[in-house]
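Letters are used for the chains, namely A, B, C, D, E and F, taken in the order the chains are written, and counting of residues starts over at 1 for each.
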Amino acid sequence: MILRMDRIPIELPKPKNPPPNAAAAVQELLGGRFGEMSTLMNYTFQSFNFRGREQARPYYDLIANIGTEEYSHIELVAYTINLLLTGTTERGDDPTATPLAAGTDARNTYHFIASGQSAMPVDSMGNPWTGQNVFSSGNLKLDLLHNFFLECGARANKIRVYEMVDEPTARAMVGYLLVRGGVHVVAYARALEHLTGADLSKLFPIPDISNKKFPEAKKLEDQGLHLKMFRWSIDDYKRVGEVWNGPHPEDGQELVVEDTIPQGAPPPDLDAEPQLTAPGVDAEFLQEAAKRLFGKEAMA
Amino acid sequence: MILRMDRIPIELPKPKNPPPNAAAAVQELLGGRFGEMSTLMNYTFQSFNFRGREQARPYYDLIANIGTEEYSHIELVAYTINLLLTGTTERGDDPTATPLAAGTDARNTYHFIASGQSAMPVDSMGNPWTGQNVFSSGNLKLDLLHNFFLECGARANKIRVYEMVDEPTARAMVGYLLVRGGVHVVAYARALEHLTGADLSKLFPIPDISNKKFPEAKKLEDQGLHLKMFRWSIDDYKRVGEVWNGPHPEDGQELVVEDTIPQGAPPPDLDAEPQLTAPGVDAEFLQEAAKRLFGKEAMA
Amino acid sequence: MILRMDRIPIELPKPKNPPPNAAAAVQELLGGRFGEMSTLMNYTFQSFNFRGREQARPYYDLIANIGTEEYSHIELVAYTINLLLTGTTERGDDPTATPLAAGTDARNTYHFIASGQSAMPVDSMGNPWTGQNVFSSGNLKLDLLHNFFLECGARANKIRVYEMVDEPTARAMVGYLLVRGGVHVVAYARALEHLTGADLSKLFPIPDISNKKFPEAKKLEDQGLHLKMFRWSIDDYKRVGEVWNGPHPEDGQELVVEDTIPQGAPPPDLDAEPQLTAPGVDAEFLQEAAKRLFGKEAMA
Amino acid sequence: MILRMDRIPIELPKPKNPPPNAAAAVQELLGGRFGEMSTLMNYTFQSFNFRGREQARPYYDLIANIGTEEYSHIELVAYTINLLLTGTTERGDDPTATPLAAGTDARNTYHFIASGQSAMPVDSMGNPWTGQNVFSSGNLKLDLLHNFFLECGARANKIRVYEMVDEPTARAMVGYLLVRGGVHVVAYARALEHLTGADLSKLFPIPDISNKKFPEAKKLEDQGLHLKMFRWSIDDYKRVGEVWNGPHPEDGQELVVEDTIPQGAPPPDLDAEPQLTAPGVDAEFLQEAAKRLFGKEAMA
Amino acid sequence: MILRMDRIPIELPKPKNPPPNAAAAVQELLGGRFGEMSTLMNYTFQSFNFRGREQARPYYDLIANIGTEEYSHIELVAYTINLLLTGTTERGDDPTATPLAAGTDARNTYHFIASGQSAMPVDSMGNPWTGQNVFSSGNLKLDLLHNFFLECGARANKIRVYEMVDEPTARAMVGYLLVRGGVHVVAYARALEHLTGADLSKLFPIPDISNKKFPEAKKLEDQGLHLKMFRWSIDDYKRVGEVWNGPHPEDGQELVVEDTIPQGAPPPDLDAEPQLTAPGVDAEFLQEAAKRLFGKEAMA
Amino acid sequence: MILRMDRIPIELPKPKNPPPNAAAAVQELLGGRFGEMSTLMNYTFQSFNFRGREQARPYYDLIANIGTEEYSHIELVAYTINLLLTGTTERGDDPTATPLAAGTDARNTYHFIASGQSAMPVDSMGNPWTGQNVFSSGNLKLDLLHNFFLECGARANKIRVYEMVDEPTARAMVGYLLVRGGVHVVAYARALEHLTGADLSKLFPIPDISNKKFPEAKKLEDQGLHLKMFRWSIDDYKRVGEVWNGPHPEDGQELVVEDTIPQGAPPPDLDAEPQLTAPGVDAEFLQEAAKRLFGKEAMA
C-alpha cells in the first residue's frame, strides 16, 4: 500500500513557446524501454516477487525503496511533458479556426488527438510502454545485474535527451534525474559488491561522462544530493543502510541514508486548453453544479 | 511522491498444491486490458494530466485518490499469483532431475523461464500489458465515462476469473477487489452525475450479478466496506467527499469518506525455489557476506 | 452476407496541393483505437457473438445495423486519405528524378513505400490497427456501455482531427461522420435506457461541444440527418425502431427509422501515380491484353 | 456502402460437447495472418486504393467483388467458433460452483474472460489480428501476386486446421471455404495471366493436395460450386466476367459468373450462457422493459 | 556454421551533410516487412526447416545459398544508414551546447537516443522487425511462391526508397541490391518452373519498371552481375546450378553459377561521435589500458 | 559477407516420441528475449555500428567474432526443435483421419499450422522475436555491460529449459550452449575489465549454479571447450586474443584462441511429414521433373 502526496520532487520552470517536438523527445524518458515507467515497474515487480526475503532483507528493502522513489520520477517526467505541451496550439473554442494545426506536423500526433496535450505511456516514437520491459528473474544476482544495466542505459538516454532539448523545464528535470538515477546505479553496484565481493567501482561512470558536466546536476551534487538514499516509507525498508554505505565511487564522499524524503513542490497547475475541451467544464458551470448537488456550503 | 508501506490490504490464505494454470488465469487481473495495471496507470496518468484542476478540484482529488488505491490492488493480485505458483514445481538443486517438468505443459511458461515462479505484467495469455491501455483524453466527462466503463469491464473479468479458479487465495483476493472496484464504479458514476445531472443509478450492477452472490465479497460488504472511500494521503485529496456522498445505488446506505487506509497485513514471505536459484543465495552465505563487509554488529 | 454498392455516402471535394501530413493525421480516424475500423469490427463481432438474440432481438438488430453502416464510414475515410495523398509527389516515370522526395520528410513514410499513396489500416502514428480494439464481452449492458464510450471517444478524435486539418475534403468527411457518429452515440444511450430505465440524456454532448459548431455537420443536421437511423438491409434488422425512437436528447426532435440508405455518390476515380507504378499498367497495354485474351468485343 | 442480410452462406451443424481447444484452433482461420479477416481487409483496402480504375475496371471489379464475398467468410468462421464454444462450460448462475473451471486449462482463456465464449479477432495462439496483414502496394501486378500467394497460404492453413479438428461444424465450414477460397486462387491467377500472358495453370494445386480429398469440399465441387463467381452486388462489379472465364485449371470445366449470391441459411441462434451473464438479461425482464418503454403493442 | 569476412559487397561513397531523414527512410530496407532482415531470416529458417532434403537437394541448396547472400545485404544497408547518420549532429563533448538538437525534429529519434547514430532492426517508421515476417510452411511450392512474392515486394520497396533519397551512398546500395535481388526473383521463379512446368517468365518485371532505368543498377547489369549466382560456401550448396540455368527472362543471356563470392571492400571506418560517447573511449586511454593489462608488447 | 557450411556444431541425438510441448519450451532459447536470435542480432548490429574501431580494434573483433559464432547457435536450437517436432503427429496423406489432432492441444499451434512442424522465430509462448531485443547504444562500455547481462540472462533461460525438458536432444543442445555461452559471459567480462580495470571475476557464476552440475556441459568442459575462443573467420578478427586471455574466472585454466572452428556434424536429414505436405513433392516426381527440364545427365 502507498500514500500519495500532492507534491513533486522539485519545482519545474515553466517554458515559453516550447516546440511540440521537445515533448515528443522527452517521452523517451517516460515510456521508453529505459524510461521511468520501466524503472518503476521493474523494481516494484521485483519487490513483490522477492523470494526468501527474510534471509536477504537488506536487498529486498533496497529494491522496494528505490522502486518507491521511481514513482516520483514518472510524475516529474510527466509534468515536464505537460508543461512543454501547454500552449503549443492556438487557444480558443472555434474548431473552424484550425486551432490544432500545429499538431499536424508534430512528431507525436497522439499528444493532440488521444491526449489533451499531455503525457502518455509511450516513447519518443509514440510506441507504447510494454510489460516486456520488466525483468524479474527471481535470482537476486541476476536481477541486481539487470538493474545496474538498466540504470546505466537510462542514464545514457537522459544524457542524450538533454543534448537534444534545451528547454529549461526539461533540463531541470534531467539534471535532477541524473543525480537520483546516479544514486540508483551506485546502489545496485554496491548490492552486487556486497553479495559477491567484486569491486565494480572502476566501471564508473557509464557512459563515460560525469554528471558534473551538466550544470543542473552539478548544482545538486554540490549540495550532496548524490550521496543520499531517501527512505520512502514511514516505518519500513529500514535496512537499506546495510547496502547503502561506504564512499561514493566517483568522489569518495560518504553515502548516507535519510529517513525523510525530499520536500518537493506542489505540482504545476496546468492551464486549460479549450480547443481540446480539456477539461471541458468551466468554473461557473462547476460552481453551479456544486450548488445544485451539495448545497451552497459545500464549495465555501 | 509516494510513501510505501510493507503491508498489503488483506491477509491472503496460502494455497495447497495449486495448479499452475490458476496463476496463469489470475494474470488477467494484473496485466490484462482490464487488469489492475490498467486501472492504476489510467488514473495515475489522468491525475498528472488534469488540466484546470483549480476549478475542478474535487474531481482531480477523486481520480488521484482512486489511482493511489490501485497500487494496493496490483500488489494484492501479484501476491496471489506468487502464492499460487509457490511449490508448483519440484524443489531441489539437481537440474538433471527435471524439477521444472510441470512447467512444460503449463499455460504460461514465462512463469518458469522468465520469472522465478512469480507475477509478471502480462495477461492470461502471457501477452504483456501495454501503454495502449491508458486513456487520458483531457476531457473530464470523457475520462470519467472511460473510467466508469473500465471499472465495469474489470468487474466482469474478476467475476469470470472467480468462476474459473476455486483456490481460496484467489477468491479472497477477488472478493476484496469486487468490493473495492465496486466503490470505484460508483465513484465514477457519482462524478458523472455531479457534472451533468444525469442519474446513472439504474444502470447498476454491470454485469447483471450482485456482489452479494460472492461470499468473500458479501462478508466484506456486510461490514460496510463498499461504502468507504479511503483517503490514501496524509494531507491531500481532501475534497473527494464532495463527490463521494449520498446513498449507495444498490443498497441505499450512506457513502462515507475515511481519513485512514485499511490496516492490512504484512506481505506473505515467499519460500525460496532453489531449482530456479530464486533467490539463489542462502542465509549462511549472506550472513558471512554481511560480516565481511559491515562487521559483526551490522546484522545483530 | 453482404452486398456492396460502388458508391460512397457523400461526394468528397478534391483537394488542391494537399500536404501529406494531413493524410497522416486523418489515418487516426481509420486505423486508430477509436477509428472506423474499430467501430466496424466491434459491432460486427458483437452481432456475430450475440447470445440469446431471440429474447433481445431489437438490441441485436440495432448493433448489426449500425455495424453495417460503419462499412460506409471506413470507405469514406479511406477515400479522403486517398484524395489527400493524390498528387503529393512529383509525377513521372524517371526514378533518378527523385520523384518521391516529398515522402522522405512526411510523417507517414508507409504511404510512399508500402502503399501507392493510399490508405492503410494504421493510425496517425503509423501503428497498425489491432484486434485488441474489439470488445465483445457477451454481456449486453456492458457491450452497450462500451459502444457508448467508444462512440464518444471516436467523436473526440474526429473533432480534434477537424481542428488539425483544414482541407475541405477532410472537413466534409468529418462533418458527415460527426452527424452519423452522433446517431450512434444516441442509439447506444437509448438502448441502455431501454434496458435499465436510466436517463442518460443529460450526459450529452461528450465532449462538451455541439455538432452545430462545425459548419459541415450543422448543414446536415439542419436537414435532419442526425435524426435518421437508416436500415442497411433489404429484409432484416426491422426491429431497430423499438430502440431508435423518442426525442433527440439535444434538440428534442423525433428520431426516425428510414427503410432506405443514403443515395451516396460514386467513389472518386483516383489518378494514376506512375512514379509508384500505381497501377503500373497503361490503358493501351490493357486494351491490347484484352484483345489478345478475350477478342475485340470484350472491351467494346 | 453495403447492405447486410441476416443469413450466412451455409447451414452449420451444431456440435455436441465440443472441446474448447477446437475453437482455439479454428481462430487461426479468422484472425490469423492468413485468416478471413486478412482476405477481407486486403481486398477491401485494395479496392478503395485502386488507382486508374477506369483503364483497368475488370481487375477493380474482381478485387472489390471477392472482397465482398470475404465478409461472408468471416461470419462463417465466427459462427463456427461460437458453436464450438457453446456449452463448453457448466451452465448456471452460481459463481461459487466454479462454472468456468473448464476455461482454466483451455488454450485460449480470452474466450472465457474477454468474450462470452465467442469469436474474437485473434489467431490460434490468441494473438490479435493486425493491420500489418494488409498489403496494398498500388501496383496491380504486385497486389495480384500477393493475393494469389495469400489465398494459397490461406488454403494451407485451412487444410491443416481440418486435419486438427474433426468436429463436423468445423469441417463443414472448412469444406465450404476450401471451395470458395479455391475460386479466389484461380481468379487471381487468371487476372495475372490476363495482364501478362503467363500461364500459371501448372502451379495448381498449392499445397499439393486436391480439394477432392476433403469430402465436405468434394460434395460441393461435384455441384460445381468451384466454378462460380458470385456477383456480390445488385448493380455493380459487372465486368468480373472479363477475368473469370475459360476452363478451370484443375478439371477443365468452364468458369461461370452468377449474378446472384448463395441462398444461405439463417445464422444459428446461440444459447445464452448465464454463468457469463451472456446476454445477462432474461426474456421476462426485457418483455417488461419493452412494455414500460414502448407500450404493449411494441412487442406484439 | 558460418565464417565471416571483414568485408562488405561493394564500396560505399561517403555522403556529405546527409539529412537524418534519409537514413530513416532507408531503414525500411533493413527492418521493414520487405527489408533484408526478412529475406535473410526467411531463407535461413526455411533452410533449417527443409524436410525431405535428400530428395529435393537442389532446392535446399538454392534457398540456403541465397539466404547466405542476404547476410551481405543486411550489412550493406546497415552501413549505408551508418554513413548517412555520421555527422548529422554537432560533434563535441559539451552537453550544454545541445549537440543533438538536429535529432529532435528527425523522423527517427531512436537513431539519436537508443543508438549511436547507427542502424537498428526497425523500419522507416521506427517499428521493430518482427519474427512474424518469417514464412516457413514446410511445403516447398508454397515457400517458393512466398519467396518469389517477397522478392517482388522487396523490389518495389527498393525502387521507392531510391525515388525518395538521392544521396549517392543510398543509391549505390539500392542499385546493387536491385541487381542482386533481381537474381533472387529469377531464382525462385525458376525453381517454381522446374517443380511444376509453369512458365513464369512473362510476369517480369514486377513492378513494371526495368532495372535498366536505374543507372547504378544498369552499370552492374552491363557487367553481367544479374546473371551470376555466387556460391556462398567453400564446399557446399553445389547443386544450385540445377535450378539456376537457362536464359535470363528479361534479356535472354545465360545464367551462370560462380564458385566464388564478390571481392567486396573493407567496411567503412565510422567516425566517433563524442557527443554520443560513441565509442566513448579515446585512443590514448585504450593504449594505456592495453599496456597496463597486457604489457607493452601486446599493442606493438 | 559470410560463407556458410552445411554443418552444425555438434551431432544431435534423435528423440523418440517427443512430446510437442518440449519443442514449444525450447523455442524460448531461439526466439525469446534472451534467445539465440537476440545474441546473434545484438552482436551483429553492434559490429556494424561500431564507431572508432581503429582505436578499439580488439573489442570490435571480439564482438564481431562472437556474433559470428551465434549463427551456429540459432541453427543448433532450430534443429533441436525440428527433431523434437518430427513424428509428433500421425503420418499419412488422408486429411479425414485427423492426422494433426495432437496439435490441437499442443501449446504452440503455429508449429502445426504456420510451419511444417518446425522452428519459428518465436518464444515459448509463441510470441515473435522482435527488433526491440537489440541493444546497440554506440557506447562501448554500455554495450559490453549489456552483452554481459544478456549472456547471464540467456544462461538462466538455458538452465531452466534444461530443467523443464529431459529429452536427450534438448539436453545435448543446452549442454553445448551452456559451455559456449559461458565463454561469451567471460569474454564480455574480460573486455569490461580491460577497459576499466574493474575485477568482475567474483561475480561468477550468474545464476549461482556451476556448469559442472550439467553432465552434458561438464563433459565438454572436461575437454576444455570452455577455454576456447574459436576465430570464426579465415583472415579477420585476429585481435580477439588481446581480450581473450588470462585465467578462467571459475577454474583458473588459461584461456586460448583457436584459429579454427569446431568440426561439427552434418545437419540431420528431417523426415517428410506428408500430412503437412512438407515438402509435398516426392522423389519420383522430382526425378521426372529434373529429366524433363535438364535432361537425364543433370541428376546423374
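Descriptive notes on the structure:
What we mean here is this: contacts are C-beta pairs under 8 Å (C-beta built on N, C-alpha and C of every residue); 3 or more make two chains touch, one makes a residue touch a chain.
Given the structure is predicted, the values throughout are model-derived calculations rather than measurements.
Within the contact network of the assembly, the step distance from chain A to chain D comes to 2. Distance between Cα centroids is largest for the pairing of chain A with D. Bringing chain C onto chain E by least-squares fit of CA atoms involves turning it by 120°, to the nearest 5.
Chain B and chain F have centres, each the mean of its CA atoms, that are 39 Å apart.
Averaging Cα coordinates per chain places chain C and chain F 48 Å apart. We define each chain's centre as the mean of its Cα atoms; on that basis chain E and chain F are separated by 22 Å. Among the residues of chain A, those in touch with two or more other chains are 33, 107, 114, 125, 127, 132, 135, 137, 139, 141-142, 156, 197, 207-208, 276-277, 280-281. By the definition of touch given earlier, these chain pairs are in contact: A-B, A-C, A-E, A-F, B-C, B-D, B-F, C-D, C-E, D-E, D-F, E-F.
Residues of chain B that touch chain C in their complex: 33, 132, 135, 137, 139, 141-142, 145-146, 148-149, 152-153, 156, 192, 196-203, 206-208. Residues of chain D touching chain B in their complex: 93-96, 98-101, 103-105, 107-110, 112-114, 125-127, 275-277, 280-281.
Touching chain A in their complex are the following residues of chain C: 19, 21-22, 24-25, 28, 32-33, 107, 124-125, 127, 156-157, 159-166, 207-209, 213-215.
Of all residues in chain B, those touching chain A in their complex are 1-9, 31, 37, 41, 44-45, 48-56, 58, 64-65, 67-68, 71-72, 74-75, 78-79, 82, 114-122, 128-132, 134-142, 193-195, 197, 232-237, 242, 245, 261-262, 264, 267, 269-273, 276-283, 286, 289-290, 292-294, 298-299.
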